[in-house]
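Contents: one structure, followed by commentary.
Labels run A, B, C and D following the written order; every chain starts at residue 1.
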Amino acid sequence: MEELHLLLDDVSIITAMVTPFNDDNTQVDHERLALLIEHLLATGTEALLVGATTGEGPTLSKSEKLDLFKTTVAITHQRVPIIANVGSNNTQETIDFMNEVAEISGIDAALVVVPYYNKPNQAGLYAHFSTIAKLGKLPFLMYNIPSRTGVTMDVATTLRLALLPNVIGIKDCTGVTNLLALVHGTEGEDFAVYSGEDNYAFAAKAVGGNGVVSVASHIYGQEIAQMYHLIELGKVKDAAQIQMVLDPKIGALFATPSPSATKAVLADKGMPVGGVRLPLVMPSALEFETIKNTIDN
Amino acid sequence: MEELHLLLDDVSIITAMVTPFNDDNTQVDHERLALLIEHLLATGTEALLVGATTGEGPTLSKSEKLDLFKTTVAITHQRVPIIANVGSNNTQETIDFMNEVAEISGIDAALVVVPYYNKPNQAGLYAHFSTIAKLGKLPFLMYNIPSRTGVTMDVATTLRLALLPNVIGIKDCTGVTNLLALVHGTEGEDFAVYSGEDNYAFAAKAVGGNGVVSVASHIYGQEIAQMYHLIELGKVKDAAQIQMVLDPKIGALFATPSPSATKAVLADKGMPVGGVRLPLVMPSALEFETIKNTIDN
Amino acid sequence: MEELHLLLDDVSIITAMVTPFNDDNTQVDHERLALLIEHLLATGTEALLVGATTGEGPTLSKSEKLDLFKTTVAITHQRVPIIANVGSNNTQETIDFMNEVAEISGIDAALVVVPYYNKPNQAGLYAHFSTIAKLGKLPFLMYNIPSRTGVTMDVATTLRLALLPNVIGIKDCTGVTNLLALVHGTEGEDFAVYSGEDNYAFAAKAVGGNGVVSVASHIYGQEIAQMYHLIELGKVKDAAQIQMVLDPKIGALFATPSPSATKAVLADKGMPVGGVRLPLVMPSALEFETIKNTIDN
Amino acid sequence: MEELHLLLDDVSIITAMVTPFNDDNTQVDHERLALLIEHLLATGTEALLVGATTGEGPTLSKSEKLDLFKTTVAITHQRVPIIANVGSNNTQETIDFMNEVAEISGIDAALVVVPYYNKPNQAGLYAHFSTIAKLGKLPFLMYNIPSRTGVTMDVATTLRLALLPNVIGIKDCTGVTNLLALVHGTEGEDFAVYSGEDNYAFAAKAVGGNGVVSVASHIYGQEIAQMYHLIELGKVKDAAQIQMVLDPKIGALFATPSPSATKAVLADKGMPVGGVRLPLVMPSALEFETIKNTIDN
């Protein structure tokens, strides 16, 4: 774990990887997975987040997830850290699954989302994450995304949790105000702060955070890497310019429920990864035309 | 199913029942369940919704849910319709579970929520519910609650779905505008429109809907029944008055994440139903004091 | 005033009239005003609201407003009630202007908006309207439009104000829930409840309100009148159907800041009313093409 | 004007000054004004914004405003820059008033708000501010506050306007994301970026902005000055700590419509500045008790 902390210190771009399916979406396709991982590692991705929202975690069975994690470890072969999504809105179930995943050699950390749908308050959020930190066997990033979960984990709750062992960072989608507060509130601690929104990739780094957990890096990994390189060089205005160019393209990747547009664009660029499972559906022909126009523009 | 439609025609108050636990919350408590059901049937409840959000569906295991459904059927003994929550954000999993539940004799219908967290669009929502209507073996109410799911099912999508067999109604939390549109848009069809918010119990009935799927009916079933009786008598202003008196008390029942306050108030009134499971926590002493003040006022 | 109350009892459609300008927008154009009023009275309008938001009140000088009120009275010649907008975010200024307007013979009532920009609380709103009711010399409708003012007048505050003499009704833009509460909360009182949103024209009447203060009636007065006629006949579903057809067209009329699209559509239909004054601007050619497509569809 | 730009380069704390009234609020009280200005200049304030929202601009008559501006200039005697609020939702009226104010020797700049209530779109906002930049005789800060105006001026529109002569900066209340974008988007230009929210005072400076247009500086000017000093020294975490201590106190100052709580707290601290004018009202006794508890804590 010490090592993971050190590893994440150098990681600015974590890709929330799509899960490639075969053509009828009934199976995870290992061959396509291998091609996708090589593509990502060649274009800026510095760590992989597997089986999360972008990876259609909700419609993978438990055995599919375990298999996906193992295969990703095998293909990646320690070239970058692997983070496995284990979160749910049931604390005990999350711990049980985390500990099953912890048996897989090569999984470096977990992602644990703020519970969705049952809407705990701050006391419940603290109880949820601190119980997992105590009983779970993997270090983990928390994931705060109010638009999906219906609740917001406060900065104050996050800062209290950041002090616990095993709680190694956050993927945050609540905006730059909070990113700034988290960065300064955990200064000197071993706690990583990532934006979970590609639109805030620039901002997250510019205010001193670690970087972004990205979907856009499937397509624009090199541009994001270049943007982060410019920030490190102090060329902040040039970096901001890249974000502005990317913003509409990021919008296109989220024009239909994620990851449907990203999967469609990957296929269009010669990298088939199958469709999405219900209740998600792929972009209609008309929707895809608009997406493609923005992407190719 | 014809029969259920007829039954629901006379049902204004469906209680979304809490799931009683034993004192350490490790087991569903059948004795407490039996007492609770008798209390509800004696105080206005005309149908039971089991294992839903209020029933802590997210933290019940599958076998606990099946057991809960069976026990509820046995205790209720056909006195009121029983609706079993089977929804999830995975279409296939929902169908599989619905069909397992359909094997239980005495389950009259299911509740199927709009998928939470993975945020399908309208096309995905139509695909989700229409696939379940086709492959599932229970008639069902849809459940539209944007504050929990992060997406809103449009009136237009709902009206299209209302035409399908097996889709027998909706529990809606999107406000009175939509309730009105759904009521008039399905006039003459066999489609039930319930508010899923106790605050709109009056409004739902006043605009011609069927009534409410209620949490407050655990405590205020008689008041809600009286309110609906007054509406039927044409004494609408008197009915509105009851809603206004109830509104702050309903607020108190939702002051901490549901059903924690309702469980605490039931215990305080001599009907222990255990605590809640993580990630939910019970009201703090201070929170409960405020809740109790409003309830007892 | 008694008479106005009686008059409003029969008024379902109040048109919030645009103010016709000459071609360079420097003058109110009386000839165009006369043609416009004849058009409105011939197509369903039952009362005129003059110099309000749609009438570009913020960019009319005080003398232009007084002149506009007088001219409208002269043209209308008691065929329908005339309501003059006198509201501002300064209580004293509102009273002074109301009392100046009250000198104009033929003005039946005023419209007084919830103060915008300085954001009073409920106590301030009560003080504002009750002071005007006491010191002002015209009966008035209140106007509650949070999207423009930044504050919402609560139902409770409105019901208290409804008891005061001179406070004869409300133009409300806070949705059907509140319309319903206002209708039932003022049952038996002489208080008129209008929707201030064309999208809720059907709903306002269906829940027992008086009708709508409309912008769309510049173009669709006959359709709205027909819709209201159907509700009175009990053909509620047919009426709802008209609203659904109108909804996208209403959307088009508000696609650019009101009343710019309405003025452009009127001109396109052969009834020139000039442009709008800064800070508003007319629709661009591209914007107007989209608007026209929706209107003419 | 060149000089003002230079002056603002050194200004981090602009106080949006309350307007002191006499005891019955009928007159601006010049003696109290003089005491207030001395207090502000002694406690961190580096420039004065006069007659703005905090200064109850909406309920000052035009002659009161002109008189207030002149008196402030006389009292301040060039010790700090003076910025006069001249904005309204009527472009022509804004220009006329700006040019009348420009005649007052000693007014360094104006504040011009995004038009409230009539809700222009981006094209209208560009037309509004660029017309004022062209025809107005004072350099000005723009003021973007969606919660009061109902519209948001986009970053893109702001950046276009920032290129115009006379447009010297912005007071922005749209959050840290936009502050960051404005700071980097105007790098190298002579354009000042201030937060208009005291809660973002730290963030505005931490991301490279000029500072804050503050209300809290009436009470906490020294603390804000100390916070900014720490940021300049690179002690960012210590600075963030001050903001966290101030946040609930800032909340208290806005617990009732601004500036009513600030005026009440000033009086409580021995600096009477009168009450507020309708439609605003002073805090009730109960409200003030809560405010005072938070302030004095």
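The rule we apply is simple: a residue touches a chain if its C-beta (ideal position, glycine included) is under 8 Å from a C-beta of that chain, and two chains touch if they have at least 3 such contacts.
Per UniProt, the chains are A, B, C, D = 4-hydroxy-tetrahydrodipicolinate synthase.
Please read all numbers here as calculations on a predicted model, not as lab measurements.
Enquirer: Quick check: more C-beta contact pairs in C-D or A-D?
Expert: If we tally the C-beta pairs in contact for C-D and A-D, the bigger total goes to C-D.
Enquirer: Round to the nearest whole Å and give the separation of the Cα centres of subunit A and subunit D.
Expert: 40
Enquirer: Rounded to the nearest whole Å, what is the centre-to-centre distance of subunit C and subunit D, using the mean of the C-alpha atoms as each centre?
Expert: 34
Enquirer: Which residues of subunit A are in contact with two or more other chains?
Expert: none
Enquirer: Which of line, ring, star, complete and other names the graph you get from chains that touch?
Expert: Per interface graph, the chains form a ring.
Enquirer: Which two-chain combinations qualify as touching?
Expert: A-B, A-D, B-C, C-D
Enquirer: Which residues of subunit B touch subunit A in their complex?
Expert: 53, 56, 58-59, 88-93, 115-121, 123-125, 127-128, 131, 147-150, 256-258, 277-281, 284
Enquirer: Under the touch definition given earlier, write down the residues of subunit A that touch subunit D in their complex.
Expert: Where subunit A meets subunit D, its residues are 175-177, 180-181, 184-185, 187-188, 200, 203, 206-207, 236-237, 240.
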